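As structure tokens, here come the structures.
Both of the next two complexes hold subunit A, though its partner changes from subunit B to subunit C.
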Partner chain A sequence: MTDQLFYLDHAAATPVDERVLAAMTPYFSQQFYNPSSPYAPAVQVRRDYENAKSRLAATFGAKGDDIVITAGATESINLALGSTDRHVVTSAIEHDAVLAAAKRHNHTLVAPTEKGIVRPEAVAAAITPDTGLVSVQLANNEIGTIQPIRDIATVVELERKRRLDAGNHDPIVFHCDASQGFGQIDVNVARLGVDMLTLNSGKMYGPKQVGLLWARPGVRLNPIIVGGGQERGLRSGTENVAGVIGFARAAELAHEHQKSESARLQELRGYMQAEFMNAFDQLVMSGHPKKHLPGSLHVSIPGLDAERIVFALEARGVLLATGSACAANKGTRSHVLTAIGMPDDVADGSLRITLGRLSDKATVEQATVIIVEEITRELQRTGRA
Partner chain B sequence: MSKVYVGMSGGVDSSLTAALLVEAGHDVTGVYMKNWTQDLPGMRCPWADDLADAKRVAVHLGIDFKVFDFEAEYKQKVVDYMIDEYKAGRTPNPDIMCNQEIKFKLFLETALEDGAELVATGHYAKTENGRLLKAQDENKDQTYFLYRVSEEALKKTLFPLGGYTKPQVREMAKERGLTTAAKKDSVGICFVGQIGMREFLSQYVTTEPGDIIDRQSGKVLGRHDGAIFYTLGQRHGLDVGGGLPYYVVGKDMEKNEVYVSTNLNDDSLWLKEIKLSSLHWVNSTPKDGVYRVRVRHRAPVVDCELRGDTLAFTEPQRAVTAGQSAVLYDGDVCLGGGIVVQ
Partner chain C sequence: MTDQLFYLDHAAATPVDERVLAAMTPYFSQQFYNPSSPYAPAVQVRRDYENAKSRLAATFGAKGDDIVITAGATESINLALGSTDRHVVTSAIEHDAVLAAAKRHNHTLVAPTEKGIVRPEAVAAAITPDTGLVSVQLANNEIGTIQPIRDIATVVELERKRRLDAGNHDPIVFHCDASQGFGQIDVNVARLGVDMLTLNSGKMYGPKQVGLLWARPGVRLNPIIVGGGQERGLRSGTENVAGVIGFARAAELAHEHQKSESARLQELRGYMQAEFMNAFDQLVMSGHPKKHLPGSLHVSIPGLDAERIVFALEARGVLLATGSACAANKGTRSHVLTAIGMPDDVADGSLRITLGRLSDKATVEQATVIIVEEITRELQRTGRA
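Take a look at the complex of A and B:
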């Protein structure tokens, strides 16, 4: 392993921002009080906690009272999908948390297009009179495609209207897993038109094991964890004060710099893409050419063993993921790549690069050179270059 | 220079094996044998990590890397055999069976079909013209596990680590920057550690509780949860606490009874003579006569006399267990051996 690291896997984890860490630190020690205790210092902690929730919610146009703090996006998703016992419609390219939670229901998986877009018409076609919930991600964690959430929300709204007009009061709600994308694209519950939203602190330079589920007033949630009745009885357990303080600060920073960060990442990604296309004629770009996260780049070289590249790059300090979350020889390929119809030899040759705050012009340029070198070396070794 | 396929498990031994063969100028291909992938309750099977470790080393060495899927055969030839043996009240050695059926048969055959001229593994042993010889490092010698390998297979096999000690291997792996240099050795059977055998067997065999009986007094001292879990000479895991330690001195699978004794000199713990079944001689059948024998991995080699399928020890041996193997040596040469019949 070399000394310098080039981290190109921000979709997997992000480092806690120093400002976030500084905001959190006092709440581990001096401000350790239980927010439910009656004395003044604890009451102050309660105030700080509620205030952080409000600031956090404000970053995506919501009220602090309407969010439930959880131990991460997986829990938020479980809470969201657990709000109904009826039919669920979701896409075939959701995160495993959504897919596993959907399996507990009668459910329908909507196939995406080859470019990885979940079409609103396809969602409309999957909705049945028994559908109680629709769940679609904001952006895909593997290929980075951004979904037409607003248009899918319209589909759900139309179904709701249709039911009401027919005198049917069975609810249908729309949940969006926005774990990926916050800080890179606009995330606002009103503009998205969703009924529930999941966010993950650990993907936006905040602490891990903290997440939230926002649900608009009127959506009934069934708590998974019961006990002392914290979070309006929807998620018991002593509040993770430091975590929420950090989450709020992280969300504020991400929200504040979203436009400039987005432009910055888009440029870096564009540079990398051009270099790769220039170096490799056989390069396959996955996802949508326009509707993608600014920092996400998914490339494949048919016949390449991407896992070898990951190991070779790791030895040179470049950290990135294979495009197929599980390697071919483990018997399972990425469900996302399968769903967009990618042939196996292309999927096995896929690399996922997700840029973020640890990426700057100099490091991205250096990393690009190293990646091109290692892929070229492997292609030569296997007699393909 | 030959085309050599190396079995790479993701451990330091097979990693260095591959590195040494590359340095010797061979055309090397690393192969991970996918034999077992299932988790046990509370125990994660580390196969995916091991595969990644092996592949990482292969990439570092710039060699081809393949995965051979032997799961079905491993289950049938090694695991089912092991379960059947336990059910019959014996204590089998699945590693010996794995070498016989998988590594030096199936892997060898598959590799040869795939274009290999030779195979290699990270075993601590030596081979010379189809003969099997003890490793330089007496403490690590693994010929006990290899005695059922055929002469033909040995002629196509390289054991590059046979001349090194374990500390040397770790040092050499470190010098070469192999990422597995400091990786902990796997213990016990390849897919389940010693502590996991009970849990493992419980997945495949239904057991009934039974009595633990004192051999001397005939008194019932306590209950066990299945005689299958107990092996001769075993001291731990007997819930009959207090006083002197008890040892398992026998069991009756039919009656589901386990017999114990505090007497270290109990007759059934010490044997002067054993019968062997399933004899396997690496080269030719040795003449009756005086040899050295090992009755358990890492047990000392002791003097014995071979008479057909009967082995007489010069000194009585403790806890020679049915199902285990007795492996004979003539100096450094491993002659082969057989499976102990009680």
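Take a look at the complex of A and C:
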């Protein structure tokens, strides 16, 4: 293995930013007090914690009092979907957490288009009189497609009005898993028009196993984890003070630099895409040509053994994934690629490249050369070049 | 407020040990990879994570494969009690997490003795043919009483045999919340005879919001949080690598020094107790005179306003609690003190002192002088001295 690493898998995990770690560190061994304790140093920790929640919420246009801190996005998603016991509408390309939580309900999976878009019309068609919740991700973790959240919110809003006009008070709420994309695209609950939002610290250069669920006032949550009554009784357990301080700092940094980072990643991605298209006639680009995360690039070469490529690249220091980390773990074909109708031989030849803060012009150029070389070598080896 | 702090509230929170923080730190910004990713550096993170789980489990005589990492003890307790949908037997002096989780079941609360002991006979009497789970804490977080876990395990084991002899295969399992006491007393699943055990990193000088549930093979758990299938499908979400590395190191250190730390704390506690008894004729010692955590001291003076004392002590740098942190937060009287039959005027005059690694001879002596002075001043002020 080479010394230099080219990390192209920011959708799987992000390193904790050094400024985030610096913000967290005092809360491990110095400001370690239980925020529920009565004495002044603990009260100060409580204030710091609540202040961090407020700053965190402000980054997406919300109030600290309306967020519930969870242990990562998966718990947040479980809490969101657990807010109803009625029918759930979601898409076939959601993260495993949404799909698994939806399975606990009577549910309908909306098929995306070939470009990976969840059409508002398709969501509207899936809503039944019993639907209590709609959940659609902001951006796909595999193919990077950005969903028309605002338009889907309008669909849910119309259904809500239709019910109220008919004297029906059965709620219908719209949850959005925004785990991917924060820091790359605009995330604001008012502009998105959602009722609930999931965010994940571990995907935005904050610590892992810290997440949140925002719910607008009026949405009733059912606590999953009960006990001491922390987080307004919605999620018990002594607070992860250091983690939340870190999450808040991470969100602030991501929010503050979103526009410039977005432009920077878009340019790096554009360069890579052009180089790949130049090198391989048979290249398949997946996802939507425009509505995609700036840093996400999903490419396939039919018949290529992507797993072999991942290991060949790893030997040269280039770290990337085939499909999502979750799917990779189970050795099954990605449900996302299946859902967009990708043939198996294309899916098996897919690489997911997700750029981020560890990507700069020089390393992306070097990594691109290495990827082109390794794919070319493999195509030659198998007589397909 | 004075510069020097005397922290006497280790049952509420413990500072992360500097060796623990040192072990964790590389996993934030360097070894940050998703353990589910396929490339070598991520595979190494997976190995480090699994290795940490094994080392952690070894500290209480278990195997890494039989533990589920959770976000703290509260989630662990919810997972344990969620393993059955049948009747639950627990005690009236459990932590709020156990009591809240028990409320989701048909349940019976066993009353403790005046010394705070949960008698095995009382547990036996509360078990019904429908009982699926018994949960009793290892040591009480307020009065420090150590429960006869081994004997209660025998009660459960007898009930299990009785059922099997009658051809009844309805399971009955014994869960023990050992959040308090690890590092002060012996904690070993075989010697305790339990089927499930909860531990909390945040109470043993590890990071907060990291805990575990151990369940012996054969005990079937129902996942609360579903998704990517991490932790053998029992608890989804990208792993808290840094947190678990820290938890393992914390448990190793606590386990390694348990005997000497226990003796050290016992001596400090004995000194404090003697000084208080010497100073105040009316002193009430709560909990069991022998079966208590070495570092826990619960004292009351009838009619004293303990809240006033806590604030007066805080001004002089002495940090301790009235009742538990959870109860303190809600401004209600401690359910533990009520359950042991303590009159209200004694309960309201109660101080909980929990010694730990921040306690040494010099600081305990100084803190003792300050506490005696402040209580004396308050008794004089109210004409009770």
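By our rule, the second predicted complex is superposed on the first by the 376 of 385 C-alpha atoms of A that agree within 3 Å, B and C clash if a C-alpha of one lies under 4 Å from a C-alpha of the other, contacts with A are read in each partner's own complex, and residues count from 1 in each chain.
The working rule: contacts are C-beta pairs under 8 Å (C-beta built on N, C-alpha and C of every residue); 3 or more make two chains touch, one makes a residue touch a chain.
The model shown is predicted, which means the values in this text are computed figures rather than measured ones.
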Subunit C versus subunit B on the shared subunit A, clash or fit after superposition = fit
Could you tell me the angle at the CA centre of subunit A between the CA centres of subunit B and subunit C, given to the nearest 10 degrees?
-> 70
Once the structures are superposed on A, label A:Ser359 by its partner contacts, choosing first (subunit B), second (subunit C), both or neither.
-> neither
Report for A:Arg381: first if it touches subunit B alone, second if subunit C alone, otherwise both or neither.
-> first
Figure out whether A:Ala312 sits in contact with subunit B (first) or subunit C (second), or with both, or with neither.
-> first
For A:Arg104, decide between first (touching subunit B), second (touching subunit C), both and neither.
-> second
For A:His95, is the partner it touches subunit B (first), subunit C (second), both, or none of the two (neither)?
-> second
For subunit A, which side has the bigger count of touched residues, subunit B or subunit C?
-> C
For A:Gln180, is the partner it touches subunit B (first), subunit C (second), both, or none of the two (neither)?
-> neither
Overlay on A puts the nearest Cα atoms of subunit B and subunit C apart, in Å, by 5
Residues on subunit A lying within both footprints (that of subunit B and that of subunit C) = 307, 311, 314, 329-330
Considering the complex alone, what residue numbers of subunit C touch subunit A?
-> 1, 5, 9, 12-18, 21, 25, 28-30, 32-34, 36-42, 70-75, 77-78, 95-98, 100-101, 103-104, 202, 207-209, 224-229, 236-243, 307, 310-311, 314, 319-322, 325-326, 328-330
Where on subunit A does subunit B make contact in their complex?
-> 305, 307-308, 311-312, 314-315, 329-330, 381
Considering the complex alone, what residue numbers of subunit B touch subunit A?
-> 32, 34, 48, 51-52, 55-56, 58-60, 62, 65, 67
